[in-house]
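Next come two complexes, and both contain chain A; in the first it sits with chain B, in the second with chain C.
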Partner chain A sequence: MILNILKTLPWFILGSAIFAVPSILLIGALFAPVDVESSFLGTEWVAERFMNLDGILEDGQDPASATADFNYMFAWLNVNLLISTIVISLGWAIGSHFLNIDEPGKAKFFAITWIIVSGLLVGILLLVNYAILLWGDTFYAAQDITTASMNTMVLLTTIYYGLMHWLSCVLGTARQARSAVLFANQLPARNYL
Partner chain B sequence: MTINFYNNNIELVDSEQFFLLGLIFKNLIFMRLKIKLLFIFFFSIFTSSAFSVCEPDFKMPEIPLVSEENKNLKNKVYVWYDASLSMSGFTKSQSEGVNLFGPLINELQRASQSLGTETSYNTFGSRFETIEEDRASLVTTAAFYTCTQSAQACASKDRINGINKVFNVAKKNTDSTVIIVTDLFLSTSETLAKNAERIKSPLREIFNDGKSIGVFGISSSYNGKISGIPTEGGEGYSSYSLATKRPFFIIVIGDGQDINFIKSKLEDNQKLQDSLAEDPESYKFTMITSNVVTKNLNTEKMISEKNLVNISSQSEDYKFKYLDNLPVYQFKTSEKDYEIKLKNSDFIVKGSNGVEKYKIEEHLWSLRDPSCKDKKKKWGKSTRENLVKTQISDDTLSLIFFEDTKLKWGYRWFMIANIYTEKNGSSSQDQFKSWDLDDSNAAEHLQSEPKFFKTLNLMNLVEMINDVANEEFKPTLVASIALNFELEK
Partner chain C sequence: MKNFLIGIGGTGAKCIEHLVHSCSAGLGPDQLWVGMIDQDEANGNVNKTKILLNKYINLRDSLRNENKNDLSNSSNLLKTKITTNNDSVWLPLKGADPSLKEIVLFDALKDEVKGLLSCLYDPQEKEMNLSEGFRGRPNIGAAAMLATAANEDDPFWAQIYKAIDAAKGGEEVRIFIIGSIFGGTGASGFPNIARKIRAIQSEKGVLSNVNIGGALMLPYFDYEVPDDIGEGEIYAKPNQFLDQTKAALEYYSKLFESDKIFNQVYVAGWDPITRVSKFEVGGNTQFNSPLFVETYAALGALRFFCEDNKIQENQEIFHIGKNDSEDILWSDIPNVSVNLNSKDSLMNLVRFAFSYNWMYGPALKGSWSKIKKYSNEHWFKRLILSNTYEDTIKSSTIGHEKNQEIISSMHEYSQDILTWISDMNYSTVLESDQKMKLIYADFFSEYSPKNNSQKISLKEKLTGSDKKEFKNLFHDNENITLAKIMSNISYLGTNKDQKGLGVFMDTLFRSCR
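Here is the complex of A and B:
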């Protein structure tokens, strides 16, 4: 069992990395000071797309300083979303090896379980988003975003980390449980599993 | 050469040793002084950084300086009696109604003597002259109003009130209080064009000097002939002698407190009180002024922590201090709006029409570091507007900050509000309308043979005074208030 899990993990890591690596690079760039240019990813688009510059200027605040605060908040949002996604996806990837699949076709029944786990992840992603952007008082930069931009940000991050979860599940799920994951049964059989 | 120290006692050996010992002591004292200075230096650096003032660079409001005016200083009082013949009707007994002219004029004479160092008595109307005190004492008798000229000449002089001449005297004696007793029966020609300007011009200067005008109207029994009533079609003038009641007026030009002094004296009169109990309409009063504000609340530091009503002074980080003359409320809160209540009686001329509208000059700054520790974060001047709403009641002025503005939490905010008057109130002058007789209605009023005879062009004059007061109105700074607060979610 342990061997099987260890054999699956590289595939899980591969599936996660496709989304996690850009996310980690973005987080790193966002944590860097505003005047430091990132070698991999530019961060100007974050403030340009989501930050309410008019509100900043109306309060007499320096846009550069406000951008730094906004980037800091967005970085922590992504850290939380990334960790949540990795924990749930890894949990599924490992847990799929323990599913009681003792006859052909039974894996399809566990699709419901996968949907529940995925739904739970989406719920957690939404919760993390709104806790940081709306309900919490940790980041005052959360006020520098309009309601429309906030909803867009929530939607985009949920889709992004949701896709990361799906891809890591497609590649990282135990072979016998692949039918439980959407489209995972379309993959060619891997003899080394 | 030895120096022995035994239990803090020094044994001196010779004079050289004594000199050396002195040198050591001197060095020790200098060292101690240096240590002390170093300690003070580091302590001052520490305290200045740890307890530095957390507020933006702002321009202090231009708060007026404390007035050197001596409130106990008394000035001359000029009393002007309308000597027109029709005034004699107030002095004669009448079976119907109560005569208030006699008792109130006597009361007024007493009050005027208490008001100033010296009282000068004068007449206007038919005769424009200064009179002796003996003659002034006859003002409540018919003899005072006797016209020695021909009946026609007397009637002609009676038609002109000539109050503008008294206003001219008042404008020249700005330190004095001027009291006018008259029936205010102004001919229409006196209230039109150039003649109106003759009234308005001195009024402008009077209001410019910060004086107020109090108009007292008292309805009294009357037994005489009212002349100068315009006839129908404007062909001439007629007279009327069937009236048993008529108002007379006391106009006081001076400081608000002097007008209030006269008011309290008149209102305390028992005869007036009895008359008021019977007919509340028998006495009317209005005070008209270009500036109803008696003082700036900052000048005498009259704003205290009690004025901020919805933030407890016991709450965390609450502080109240004066920065020169600017009161600063410092607090930490999650409340979204704040109310400051000011008592009208603290700054509005008592008995005046008050203030109808205020203008608030607002300055707001924000800082994205409520603790003020991050030197990289700077105060920024906000462009937000309409931050303060005013609610005016008879007793208070409420300033509600940020009711319609959502400020961001996690910030420190600094606000300065300069409260100016924008428009004076004008409600109490309307009470005189019921005594007003228009030129066009005069003939009709005469034909109805009224017992109570109204005053010709009364509202023309009252409105003229009010208009001039409004023309001369200048916004006055009532108070400047600063809020320095950390807004929590």
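Here is the complex of A and C:
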């Protein structure tokens, strides 16, 4: 069993990496000092797209400082979302080896299990998003974002990390359990895959 | 090396059944010719073994076809290439209802010879119809066998002659004979057939390369003789088994001292003796269940044929029995050699038979329209679809007649394996205090000791809880789950030289290890 898990893990890592690497790069960039002149994640660009600029100015805040706060918050949001996704997806990838698939045709019955796990992940992603962006007081920048931009962030991050979960499950699910994961049984079946 | 196995009488045939299953588990040599000797042509056990041999040979041929469905040489499943004659049974006395009197041309003999024969055989024995065997009378069997010449034109003896010729050409030939010491056919045939082979050897001037081994079965079963049996009826009497055995052992002791007929002899016995459920004088109703001790004879034969077994100059005699306790355990099964673990191989085979019979075989049976529902599953795509796909029809040929024949044959053979091990499991300890601790068969089979023709009925379908019981199949720590087999079949690599259904069969077999 351990050997089979080890054979599948590289594929799980590959599936995760396609989304996790850009996410980590983004997190790294967000933690970096704000580059005022940068057109990507630059002060103006972030402030215009995500923040209530008028409110910031009314509060007498410096937009550059507010943007830095936002970047810091968004970085931590992504860290939390990434960890949540990896934990749930890896849990499924490893757990799928222990499902009681004991005869041909039985794997598809575990689609319900996968849907429940995936639903749980989406719930966690939403929870993390709202905990940071709406309910929590850990990040001051949460007060400076508009409702529309918050909804956009919630939607985009949920889709992004949801896709990451799906792709890592497609590639990282135990071979015998592939029928449980949406489209995973469309993968070619080889000795190495 | 050429290997020949001769099973004499009902016991010989029963031991061959164990041997065939052991060969399908990968414990046998690469090649083996099998023949049986029994005067009781219709004997139920002989017929059963004949059918089993044909099933094995046909199935192996279909799955060891280099062009179509090939398991490859590295696979242990159905490893041994068993061959046999068109009729695998040799009848020492041909003709309808032969009697000893007719065979020795009693009426044409001189009076003094007649008198001598009358001293050795009572009138009933001389007149006895031998078409149902020698009925526990080795004195009759010995005379009958010695009266028949080893004719090179006879398909059975032609094989022995060929073997001796091969030995003359420098090839090593190993011949193994299995028979009981306490019956009629086996007891009379065991030394006489070996002697005949040695006689052919010296006739052909072959001084070396021919090694003869044998398994002598000491009394290991008896039966209750019904009260209604006719007073004059001749049959093997269980109360005489021990006396007969004692006399026979004394004879063999002298024989082995004076004449080196056998290179290796394996002697197996059982205590307490197993009581078989039904008594029959002979014929197709004489159909006794497989018993554990017969495995010893089969494994002895396989040990003899094993290339690791170096035949010594001196005659060797091995004996075996189980441990002293009342429990019959896996540890009572000896290994064929250092490299061939009998326990692991037999467990592997039983797991394979189980999972094929109830899990994978049914999924592969029928037309493509029925089977294709599995076509998205990894094991199916990798092991079946990619190896049975035909470009011309843009579809898998798994539903085609030829492949379906193989799938059905394997299904039937799997049932034979499960029936064999279950029957042995129950019948060995019937009416005894012993406990069989090999497999737990209750959840997949039913045992009816009174039903002589079908003592074991395998369940048609297993329930969810039955399937869960698979993890307790063996009275041993080495159990696995069906889910583990599914996992293994999805991950184990395939060999490049395998083809068609051979890829799936071998991978499933290895997955059950």
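By definition in this document, the second predicted complex is superposed on the first by the 179 of 193 C-alpha atoms of A that agree within 3 Å, B and C clash if a C-alpha of one lies under 4 Å from a C-alpha of the other, contacts with A are read in each partner's own complex, and residues count from 1 in each chain.
Rule of thumb we're sticking to: a contact is a pair of C-beta atoms (placed from the backbone, for glycine too) under 8 Å apart; a residue touches a chain by one contact, two chains touch by 3 or more.
Since the model is a prediction, treat every value here as computed from it, not as a measurement.
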Chain A as common anchor, with chain B and chain C clashing or fitting: fit
Partner chain in contact with A:Ser65 - chain B first, chain C second, else both or neither: first
Which of chain B and chain C A:Leu57 touches, first, second, both or neither: first
Which superposed partner A:Arg178 touches (first chain B, second chain C, both, neither): second
Comparing the two partners chain B and chain C, which touches a greater set of residues in chain A: C
First (chain B), second (chain C), both or neither touched by A:Leu127: neither
First (chain B), second (chain C), both or neither touched by A:Val87: neither
Which of chain B and chain C A:Tyr140 touches, first, second, both or neither: first
Contacts of A:Ile115 with chain B and chain C, given as first, second, both or neither: neither
First, second, both or neither for A:Leu155, with chain B first and chain C second: neither
Three-chain overlay, closest Cα atoms of chain B and chain C, distance in Å: 53
Doubly contacted residues of chain A, that is, touched by chain B and again by chain C: none
Complex contacts: residues of chain A adjacent to chain B: 57-62, 65-66, 69, 137, 140, 143
Chain A partner contacts - residues on chain B that touch it in the complex: 364-366, 368, 376-384, 408-411, 488-489
Chain C - residues contacting chain A, complex: 358-360, 363, 373-374, 376-382, 385-386, 467, 470, 481-491, 493-494
Touch list for chain A against partner chain C, complex: 1, 3-4, 7, 97-105, 107, 174-176, 178-179, 185-186, 188-191
